[in-house]
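The following pair of complexes shares a single chain, chain A, combined with chain B in the former and chain C in the latter.
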Partner chain A sequence: MDKLLEWLKRVDFPTLVISLFLVALFFVAIFVEVPIPSLLSDSIRRIGMNGVLVLAMVPTIRVGVGPNFGLPVGIIGGLLGALISMQLGLSGFLGFWVAVFLSAAICVGIGLGYGWLLEKVRGQEMMVGTYMGYSIVAFMSIMWLMLPFTNPDMVWAIGGKGLRYTLTLDKYFGHVLNNFLKFKVGGVEVPTGLILFFAGACLLVYLFFRTKVGLAIDLVGQNEKYAISSGVNPKRARLVAVVLSTVIAGVGIIVYAQSYGFLQLYQAPLFMTFPAVASILIGGASIRRANIRNVVIGTVIFQTLLTISLPVLSQVTRGDVTEVMRLIVSNGMILYALTRAPREAG
Partner chain B sequence: MEKLKKVLISYAVPIFFSILCVSAVLVAKIPPLFLASEIVRRLSRNTFLVLSLIIPIVAGLGLNFGIVLGAMAAQAALFFVVDWKIKGIPGVLVACLMASAISVVLGWLAGLVLNKAKGREMITSMILGFFANGIYQLIFLFFVGSIIPYRTRQFLLPEGVGLRNMVDLYGTVASALNNAWVVRIGTIRVFILPLLIVGVLCLFITFLFKTKLGQDIRAVGQDMHIAEVAGIDVNKVRVIAIVISTVLAAIGQVIYLQDIGTVNTYNSHEQIGLFSIAALLVGGATTRKATIWNAIIGVLLFHTLFVVAPSAGNRLFGQPQVGEFFREFLAYAVIAFALAMHGWRTKRILM
Partner chain C sequence: MRVVLEMRNISKSFYGNQVLKNVNLTLHEGEVHGLVGENGAGKTTLMNILFGMPVIHSTGGFEGEILIDGERVNIDSPRKAMEYGIGMVHQEFMLIPGFTVTENIKLNREITRENILSKVFGKSLRTLDFPAMREDAKEAIGTIGMSIDELAVVAGLPVAHKQFIEIAREIDKKNLRILVLDEPTAVLSESEAERLLDIVRYLTNKGVSILFISHRLSEVLKVSDRITILRDGAVVDSGPASKFTLSEIAEKMVGRKLENLDLPPRTKELSDEDTIMSIRNLRVYMPGETVKDFSIDIRRGEILGIGGLAGHGKLGVANGIAGMYPAEGEVYLEGKPYKLNDASYALRNGVVYLSEDRRGVGLLLDESVEMNIAATAILAFGEFTRRFLFFTLYDRKKIREHAMEMIRKLDIRCKSPSQIVRRLSGGNQQKVCLARAFTLKPKILFVSEPTRGIDVGAKRLVLDYLIELNRKHGVTIVMTSSELAELRSICDRIAIVAEGRLSAVLPPTASDAEFGLAMAGELQGGTHRG
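And then the complex of A and B:
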């Protein structure tokens, strides 16, 4: 009992409220006879689908830059990698891994530039990051129209120029992770490959923070002056963290796209950022402190919430209230985190 | 020479945009009379909103992305004015009063939140806008027609709950202010009343900064700690600055929407924040310094570009879409640039 109380004290208030809400939804789901197994399958799929993107928040938060609001910067790199892989006509796992490695390479480049910029604007990273994200998405919208991609599956049928809004991945690397070692237990479908990939990514980031570079990042985030005195170069640590976050974001969007089955261009990258930031905060992170556990818990809670609230709430109310709920929950969570940080820093 | 260099650097953004505007106008080959009439109209439509951003900047809160709260209040008020079928200028007045009342409450709440996030006001006000947007959607998609009575069936969704995407102001308050006094110069129609209101607001802002409150706002904006020591209630002044800004934004949005004539129920307020802020920054304002002239020049430049960008894009690249994305890119990029400059400078001061 004491242990339970102790644990409750450590859990964040919003995390607790949202979890309780989730449990309540499950009970309602049983009452209104929504098929639970299919809900669970969807939840698991969406957790794996979004998890890697949420993971991208960890390095920047830990180094003291705050959540990476410039997530679209990395996503653009990922999209480029995926597009090149498609242009080459690669399919299946080959296509997937080529996309991943290409996008990682591109993201290292973009990340270096982005990290350099963020270093110049220390203290305003969140705001500058947000608008860098918006700018690059608008800029790349022009590029999607002009870049010389020629694969007829990718460009507009009429005119033959400019990429389409959504590209179908069926012939390329759609669902490759989801279908890898997929099995069914009691009606619940488990996309083993997807979950394995997410777990592997988490493990890699976890191990990275055990290395010397990772520890340096942590140190800079906790106390910059102390870090300098122990011989760490904080600028370099921040640059590494931003590049890492950008790379994870790039890989994250490929995982997302293969699970979704479509590659979304133009405005779509903008809608990835705030849910990802909210997820890690729901998992108990703050804008100065985050670990892998926050990523996993946050993604599980937030994605399950979104998945089951749609069918459950549509039984109770009319229309799609989930979209509105997503807005309120995710932005409310970010707002909460932004307003409470000074106490924690002090 | 040194002085010239300084001027060039501090006016870099407006100069760059002037050049961009002129070249875009030349490329687009838009008839000058059409362009002039569009710009005059946009000046009377958008300037009030842009001016509403000035006070929080002077108070040191940076760009108030929270003006969307005021815009939402204005739309909420307009929906009911339309429902009650109050027409013409009385309708606009009632809408302004209601919107102001809601905005005082919203602005006060926003001020309290921003006081808890000192040093992160801009990102917080932006997220606050998104959060409020969620609440707004909840109210107007699910509560209107069910909990909140609403009579005009034609604006409701088929099931009778929730507003449609478009709410029409024609026949009620559309162009009420515009048509009150129109002066024709050739083919250009100048709407005098909105321009007069903008003029009054400019006088009000100038006057405000001469009062005790205005001086306090300036003091808080320069240095919170010194202001605190000097006996100014910093938190209160900051809340007042946000309240004024939100109320002005609400009135500005009413003026804007009566000109447009239709309310995009779930979109109109979203764009307003972005375009107003971009316009102010284009006019040479920074996150720490903004004047009335920045606002007016900004609206002039930004909206010239806005009008000509699609056809310029069409001429240059054969795709009007390129121009549209380009104009969006410029709006975002100018904000990103201003923010980066802000971060750069604050960092230098801290060092």
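And then the complex of A and C:
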């Protein structure tokens, strides 16, 4: 009992509240006879689908520039990689990996630019990142119409120019990870490849933060002067962190798209940021500290919450309250984290 | 002469730390009263009490009484102090940079006229009478013999002008009777300081009494009628200025009984030929601690002390060498040119620095003890690492082993090596810093204020460990400290910095008077000693 209390004290307050809410929802689900196995299958799929995007928050938080509100910057890089892979007509795992490597390369480039910009606005990164996201999405909305993609599956059927809003990935790399070593237990479908990829990405980031470069990033985030006195160049550390975050975001959107089965262009990248930021915060991170555990816990709680609240709450209440709840949870979580930030800093 | 102000038996503690003990001070009409003392002697606190600063009353007030014209008064806010005719020119400028000279001089005492709105809504909406204010400002500036445009914005003016504007502001207060000048000449050149002293004399002729606080002892001696010397929060001596000589003041200001540490002998004697680092014309741009021109040869194996008053640049030396603040100059390490402004280069060449700002620079407060000890060594030398796949990772096990050893050796009181450093006491935090430094295998260790903010017992341990590093491991140590007694107890020689320059190099056995004079930059021919 003492140990349980001790453990409860260590758990972040919002994490606790939302977890309890989640457990309550599960009980309601049993009560209103919503099929639990399908809920679990959906949850697992969504966890793997969104996890990598949440992981992109870790480097920027740890280097001290806060959650990467400029997530769309990396997402655009990822989309470009995926589009090129499609244009080349690559399918299956080949298409997926080509997309991943291309987007990583593109993201390094734009990440450097984005990092340079953030360095100019030290202390305002979260706000500038948000607007950077809006700007790049608007700019790319024009570019999607202008870029010389010619694959008939990708461009508008009428006119033959400009990319469509939503591209179907069935013929390319849709569901390749989800279907890799997929199996079913007791009605619960487990997308093994997807989970493995998320786990692998987590492991890589974890290992990265135990290297010298990773340690330098940590030191800069915790005490810049200590870092300088340890021979670290803080500007370089911040740049590395931002580039890394951008690359992870690029890879993250490809994982997301293959699981979803569609590539979403135009305004869609804007709606990825807040859920990702909220997830890591729910997992117990603050805007100054984050680790892989926060990513995993946060993604699990947040995505499970979204998955089960829709069928369960639509049974008990009239109309769809899920979307409302998603907004309240994600925006409320961000607000909570921002208000307690100054206290932590002191 | 009539006594204007009397402060009787003033005592004051901050959080149980007594900074003033039964201080008595009397001020006569039209006299200049010099108040001297080292940093931390209690001068500023005494003046804050007189001026009713909130910092005094928010920390529990003070004991004793203040009498003005023989009547007991209760000054509990600066406004009250002003009503009694007390003016103060602060060490830090209290001017609003974006306002004009006139606005600054008349701030909060603006001359106003009635208008319709103010008749309806009250006084605070009255119109400012700029022409009248300008006249007043002009007159005040004229009084002190300056020609500053009263409509100029303060921000762009030279520091000396700002200093004079502060004084003009006080003079403009028509009821001014007592004026406190806190380090008024610190930012002034010699001729400007001369003018300021003229102003002081002019004011006393008009019957204003002046409390003059300065580190420049010769100035104090020159301008004051009487002098009071504070040391460690108590008055050590007080009397007419003619009673004192420069070196007497210096001696009384510094004087402190020596703590005798038995220093173990060296295996190898120090020699002037064996220089580990020579510093030539070092300039360091550290705000508040600027080093203007500092040269010294550091002998291999010695413990060199760097002392001096706060703000004179003693802290800047180590910061500059370690690459924490921009520095210029020629430095040679073991005969080879040494690269400044590169902290990583310093570390790799065995130059290790422990900051005076332990919590701000020296520690990762929310990290574990072991990480604090090891992080810098991992980054600078790749120590405590192992290969894993294509990564080079730091090795928790090796770090733990090393941390345990350091904890045992330095007797760091912590629950476990994974306890976060914020929870440790100041002394233990300093030991963690020392463990970190030792881990870096320094050739030269620059350590600043190693005993600041830690209790007596821990102080002793820290000093003992520094001696052990020096004698057993052959580390050359450069220790910067505000506590002269501490420097004298372990150093082989002590360099005193005054106004950003090396003022003297003294042996620890030099007299109090010599140290006092060196700190004031007034010891003749001191640089060639020791």
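Keep this in mind: the second predicted complex is superposed on the first by the 346 of 346 C-alpha atoms of A that agree within 3 Å, B and C clash if a C-alpha of one lies under 4 Å from a C-alpha of the other, contacts with A are read in each partner's own complex, and residues count from 1 in each chain.
Here, a contact is a pair of C-beta atoms (placed from the backbone, for glycine too) under 8 Å apart; a residue touches a chain by one contact, two chains touch by 3 or more.
None of the values given here were measured: they were computed from a predicted structure.
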So, on chain A, is it clash or fit between chain B and chain C? fit
Larger residue footprint on chain A, choosing between chain B and chain C, goes to B
Between chain B (first) and chain C (second), which does A:Tyr134 come into contact with in this model arrangement: first, second, both, or neither? first
Determine, under the contact definition given at the top, whether A:Gly123 touches first (chain B), second (chain C), both, or neither. first
Here the angle between the directions from the C-alpha centre of chain A to those of chain B and chain C, rounded in steps of 10 degrees, is 70
Applying the document's definition of touch, where does A:Ile142 land relative to chain B and chain C: first, second, both, or neither? first
With the two complexes superposed on chain A, say which partner A:Val232 touches: chain B (first), chain C (second), both, or neither. second
Look at A:Phe208 in the shared chain and tell me whether it touches chain B only, chain C only, both, or neither; answer first, second, both or neither. second
Look at A:Thr60 in the shared chain and tell me whether it touches chain B only, chain C only, both, or neither; answer first, second, both or neither. neither
Under the stated touch criterion, which partner chain does A:Ala216 make contact with: chain B (first), chain C (second), both, or neither? second
Touching A:Thr339 in the superposition: chain B (first), chain C (second), both, neither? first
Taking every C-alpha pair between chain B and chain C in the superposed model, the minimum, in Å, is 7
Counting only contacts in the complex, chain C reaches chain A at residues 322-324, 343-348, 353, 355, 357, 360-367, 375-376, 378-380, 382, 385, 388-389, 391-394
Under the touch definition given earlier, write down the residues of chain A that touch chain C in their complex. 207-208, 210-212, 215-216, 219, 222-223, 225-226, 228-233, 289
Once bound in the complex, which stretches of chain A touch chain B? 69, 117, 120-128, 130-132, 134-135, 137-139, 141-142, 145-146, 162, 274, 317-319, 321, 323-325, 327-328, 331-332, 334-335, 338-342
Give the list of chain B residues in touch with chain A in this complex. 113, 116-120, 122-124, 126-128, 130-131, 133-135, 137-138, 141-142, 159, 161-162, 317, 319, 321-322, 325-326, 328-329, 331-333, 335-336, 339-340, 342-344, 346-347, 350
